[in-house]
Amino acid sequence: MDPRTPVRRTTMTSTPVRVALVGAGRIGAAHAETLARRVPDAHLVAVVDPRPGAATAVATPLGARAETEVDAVLGAADVDAVVVAASSVAHRDLVVAAADAGKHVFCEKPAGMSLVEIDEARRAATAAGVVFQVGFNRRFAREFAQARDLVESGTLGEVRQLRSLTRDPGRGPSDPDVVPPWTIFTQTLIHDFDTLNFLNPGAHAVDVVATADSLLFPGHATLLDHATVVVRYSNGALGTAEASFAAVYGYDVRGEVLGSEGMVTMGEGASSSLRVHGQGGRTASTAHSDTELLRDAYAAELAELCAAVREGRPPAVGADEAFAAFAVAQACIDSMTTGGRAAVATSVLQEA
Amino acid sequence: MDPRTPVRRTTMTSTPVRVALVGAGRIGAAHAETLARRVPDAHLVAVVDPRPGAATAVATPLGARAETEVDAVLGAADVDAVVVAASSVAHRDLVVAAADAGKHVFCEKPAGMSLVEIDEARRAATAAGVVFQVGFNRRFAREFAQARDLVESGTLGEVRQLRSLTRDPGRGPSDPDVVPPWTIFTQTLIHDFDTLNFLNPGAHAVDVVATADSLLFPGHATLLDHATVVVRYSNGALGTAEASFAAVYGYDVRGEVLGSEGMVTMGEGASSSLRVHGQGGRTASTAHSDTELLRDAYAAELAELCAAVREGRPPAVGADEAFAAFAVAQACIDSMTTGGRAAVATSVLQEA
Amino acid sequence: MDPRTPVRRTTMTSTPVRVALVGAGRIGAAHAETLARRVPDAHLVAVVDPRPGAATAVATPLGARAETEVDAVLGAADVDAVVVAASSVAHRDLVVAAADAGKHVFCEKPAGMSLVEIDEARRAATAAGVVFQVGFNRRFAREFAQARDLVESGTLGEVRQLRSLTRDPGRGPSDPDVVPPWTIFTQTLIHDFDTLNFLNPGAHAVDVVATADSLLFPGHATLLDHATVVVRYSNGALGTAEASFAAVYGYDVRGEVLGSEGMVTMGEGASSSLRVHGQGGRTASTAHSDTELLRDAYAAELAELCAAVREGRPPAVGADEAFAAFAVAQACIDSMTTGGRAAVATSVLQEA
Amino acid sequence: MDPRTPVRRTTMTSTPVRVALVGAGRIGAAHAETLARRVPDAHLVAVVDPRPGAATAVATPLGARAETEVDAVLGAADVDAVVVAASSVAHRDLVVAAADAGKHVFCEKPAGMSLVEIDEARRAATAAGVVFQVGFNRRFAREFAQARDLVESGTLGEVRQLRSLTRDPGRGPSDPDVVPPWTIFTQTLIHDFDTLNFLNPGAHAVDVVATADSLLFPGHATLLDHATVVVRYSNGALGTAEASFAAVYGYDVRGEVLGSEGMVTMGEGASSSLRVHGQGGRTASTAHSDTELLRDAYAAELAELCAAVREGRPPAVGADEAFAAFAVAQACIDSMTTGGRAAVATSVLQEA
């Protein structure tokens, strides 16, 4: 969203922003609890999930109402904004429907299943004049935000080499067949692609070369569970994005920016400053889930939603960022298909 | 408070615990904001401060009412609990008045200006059957709580040597004459005395020897701005508590427990996982205030207040802990007066 | 070198291994000092450099003799081994000449300017039955050796994702034209290629894709000063090697191995355990040169040379490792030429 | 030793300083190996130990001769300096004998069993004009030396609060009766007393209060295995020295200086930059012995001996430092005896 695009301003009142959550899965439940308990300016009004009981299980303890139909909240007068945490395949339709209903929208990543879908979602939100925020939570993690500030302020000089890494905790999927193709690019590394974009402001990704394999289920037809992607930027910077579906030591998110005047690293996985010294050495605990490691970031991104709604302005991270990150993911798919380098689209026209 | 002492149970309802804050100074304002925005089960109803405008400045942005008289909240039907953040000299009277009015109480440390005062506050709360919690925030800091768990679980074995340290940020008081005598013991190190007690459960402080001086205003009649205290415990453990009023590098809170089976350290002052690498080396930011370093602990201690009220049980840290920590502070004053070792009182009778 | 290949055994005596150093440049001077002062089993006999005065400046303070001709040491009866630290273009010829003269050889990386050259050097050493060690110093850095042990012992499980990084201190070359083409691959990243090989024992590099550019002198015809290389291994593992010629914060060498059972990281650049806490935060010093960061590793690799000579056995890192690392560098050159993925040669026949 | 005191200058030659080691126990054997292998300017000539076989076991592998009588090396023309690592009770006599024989002396701490003994040793060395160095190895540990530099340069401002800590690895002595009384002060904490003195240059210790107990053998008549000592300095600074005989997690040496302009910490026990991330968190290895943790410091202190001998100058740490540290230990004994604060002697006359 162009920062100059006007956003329909919600009448400023002293009441919190009233939010409905769509999708009561793992991350949806976490968002619901965050909205209800940790975002002062949000009021969780309703939780929607078509599965019998799923919405109720999340909504009731939080004092919200449960719905099984999205229309029940899109048509509700007491809902200002919708947080979309449903299956990714439904994201585009839900964003469009919410925008058409005049509701502000926060959508989990990816904002659609293709650049065309994301563009459609973007257009609907722009036409409706609603806030459209995308769930790139790392931008709200304190150290990543600080790193961006150091880049923008010029403290680090010219950006030259970057790294962003995601490793999911545990031993990976038990059934590889349930993982949709290209998941590692469109669902996991999309966070890292956005992080690289975020840490290299003013530049855009030019091309990528992706290397990926199934190391958990060797020879599996579609699963890719480890990937390393090199992204070239318009300012010459070289970015690396790495992902693994199986880190037994916990949820690992790190970043790094080498600039002409210095370097920053973010993320080290220690979940507190406690150090236990025993016969095996000195041990720090590591975080074991995204909701643990990024707990404050999850609250901050939803606070940003409320602030944007309240102030009638585009959110800090919106459709353009969603498009740019997905374009890198799409180029990875192209790179995997050809085995070589693939260009990153900058507009939807290029995707065909 | 004996854990078996019954506490008057607030009728369980779905509404939050309604809290009035007394004392709109720096820490009071922080508590007010925490209650209003970061403790889901609390509802900030009122802020009391006799200074014209002080209560209003804090209360209004948070949607609470401002009062200049304590009686206005002690007599209010919509107040379940009172958080006392007034001047320490008023703590005892406020706790007693709140208890007598049937209000649950959270009191900032110290809970009184002497062991007699703390005992009076304790008796009033017990007689009224209200929750009486004391503001020892470090018990709610994640790493300190983890350390205690490691001690209690036996993982660290017998506790043998401990350290707790507090250094206030900046260059110290601009006017040494406004610092009441013994402040370093009764206001600052009291946190460390409680921390040592907390980390050595089942034992009690036996005696202390305190060494302190004014290094900021050499020769000042009453100011003590640096202090090192050695505390002997009933289980033989040796504790050290250190404080300084002037740490230019920030607010520094650390702890350490050496046990027969291992050692833990807590606190390192880095305020995020960001590391900036420049020509001067690799730099981590440090926290510059208590409300920054202990932000989550402040929320957790007030959540504990609400939970104790809700569940009709004594809080995790109450009058007995307040008494025990103040007894160490009192012994430090005795030690400074005599120059030697001083016994730590275990009951108010010993204080005379 | 096949570990079973017999090596001519130097008669075991109580005298140190007598070493001549060829090439009195920066790293040669460092090797000379290490040999003379920090490797107990080495005796520095002579320093050779054709430039008038260069050998003398290094040799005299260390009590060694200075020579301007290599033949002076190859024909000397009091020289057991030669350490080659001359220009890379001379490495092959010097190794062959030394081997032909019956001298054991330690050669700085790369061991030749092509796979053919390295193969020739290897054959000469094998034919002569002399020790032929290559200067891959990171294998001797404590943490990298520990990481390899953890891999070999199975503690980390299957190797899945690796990283090795080199950043040279400072602001890069003042004159880009004096940097030979492909230096970043053949001189700098060759350390990282060997490190990746070292950390993934039993597997070999299959193909690479290299991304590199001149960010210091944009548009320069041949200089590549930043590079990111992705290496695929025969066991499926994905390696990333990164290099920069310009790290203002110091000399930065790091490594990382993700295995199915855990992850290790090596290198953090703090040159001591000192932490300075000031108004800008908490700062650790960083190392500013290879000889500072890897000081102990330099001594350990030359101690290994002496041990191999003494014990009549192949060294821990020899011609095969030199060949394997150079094959990755060569594939990077191929990748840069074609823009795509390039196969890694496993024998010299494949190079044509 | 007054820095202006002339020291007899050994004729400058190109041969190393020839050293005899007295006392082939654990630390003596370590010194012997360091002298023979890691101090380029030292040549280990002989090892003396009255126990049959002890000297031979150490000397032979290092190419030195074994002796059972001290006189054999004191009278030897090929010995320039003597390193005394015998039992502490013999230190004074050995230093005096060595000095009288015109040999330079390095003596392990403490340099005597009383201030009188240390003074006698000092006088003998001064009279003979020989170098007399004392084994305070932490002054040669990189981070402690850096900390001192930061104090001396004024970077840290005025010194206000200090800490030095020693914890011996393992579970403590198996037989408490073999530990001489006051060992924790005269043998262990003497390192910390010297460290505090070192880190607070220009000031001297004024008085101490010691708290110590046997926590390993509760009620033992003489063993003190844990101690915490507070030292007041002439510039007002408050120092804390802590020791334990039983750290299961390894050998732990740390230091800390709070100054008016900043703070430094030294020592964290990680023995390399390797971090192992597993299901239990992120683990760093810890050092398990003094010779591991302080390996470089041991070499540096013996290099300093050789340099002082070579340059005909007093060593960096000599009899005055030995006296000052022992004076603190002696005051601790006094403090333990009286239970109160005890003055620190600044001259031998005060000891009576």
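Labels for the chains are A, B, C and D, by order of writing; each one numbers its residues from 1.
Here is the rule we go by: a contact is a pair of C-beta atoms (placed from the backbone, for glycine too) under 8 Å apart; a residue touches a chain by one contact, two chains touch by 3 or more.
Remember, it's a predicted structure, so these values are computed and weren't measured experimentally.
Q: Using each chain's Cα centroid, which is most distant from the centroid of chain B?
A: C
Q: So which one's got more C-beta contacts, A-B or A-C?
A: A-C is joined by more C-beta pairs in contact.
Q: Using mean CA coordinates as chain centres, what's the gap between chain A and chain C in Å?
A: Each chain reduced to its C-alpha mean, chain A and chain C end up 42 Å apart.
Q: Using mean C-alpha positions as chain centres, tell me how far chain B is from chain C in Å, no decimals.
A: 57
Q: Mind pulling the chain C residues that touch 2 or more other chains?
A: Within chain C, the residues that touch at least two other chains are 247-249, 252, 261-263, 268, 270, 276-279, 285.
Q: Name, in rising order, each residue of chain D that touches chain B in their complex.
A: On the chain D side, the touching residues are 158, 160-161, 163, 167, 171, 209, 211-213, 215, 218, 226-228, 230, 232, 236-238, 240, 242, 244, 246-249, 252, 258, 260-263, 339-341.
Q: Using the touch rule from the top, collect the residues of chain A that touch chain B in their complex.
A: Answer in residue numbers: 14, 36-38, 40, 63, 142-143, 146-147, 150, 155, 261-268, 270, 272-279, 285.
Q: Under the definition above, what is the set of chain A residues touching chain D in their complex?
A: The contact residues of chain A facing chain D are 247-250, 252, 268-270, 277-286.
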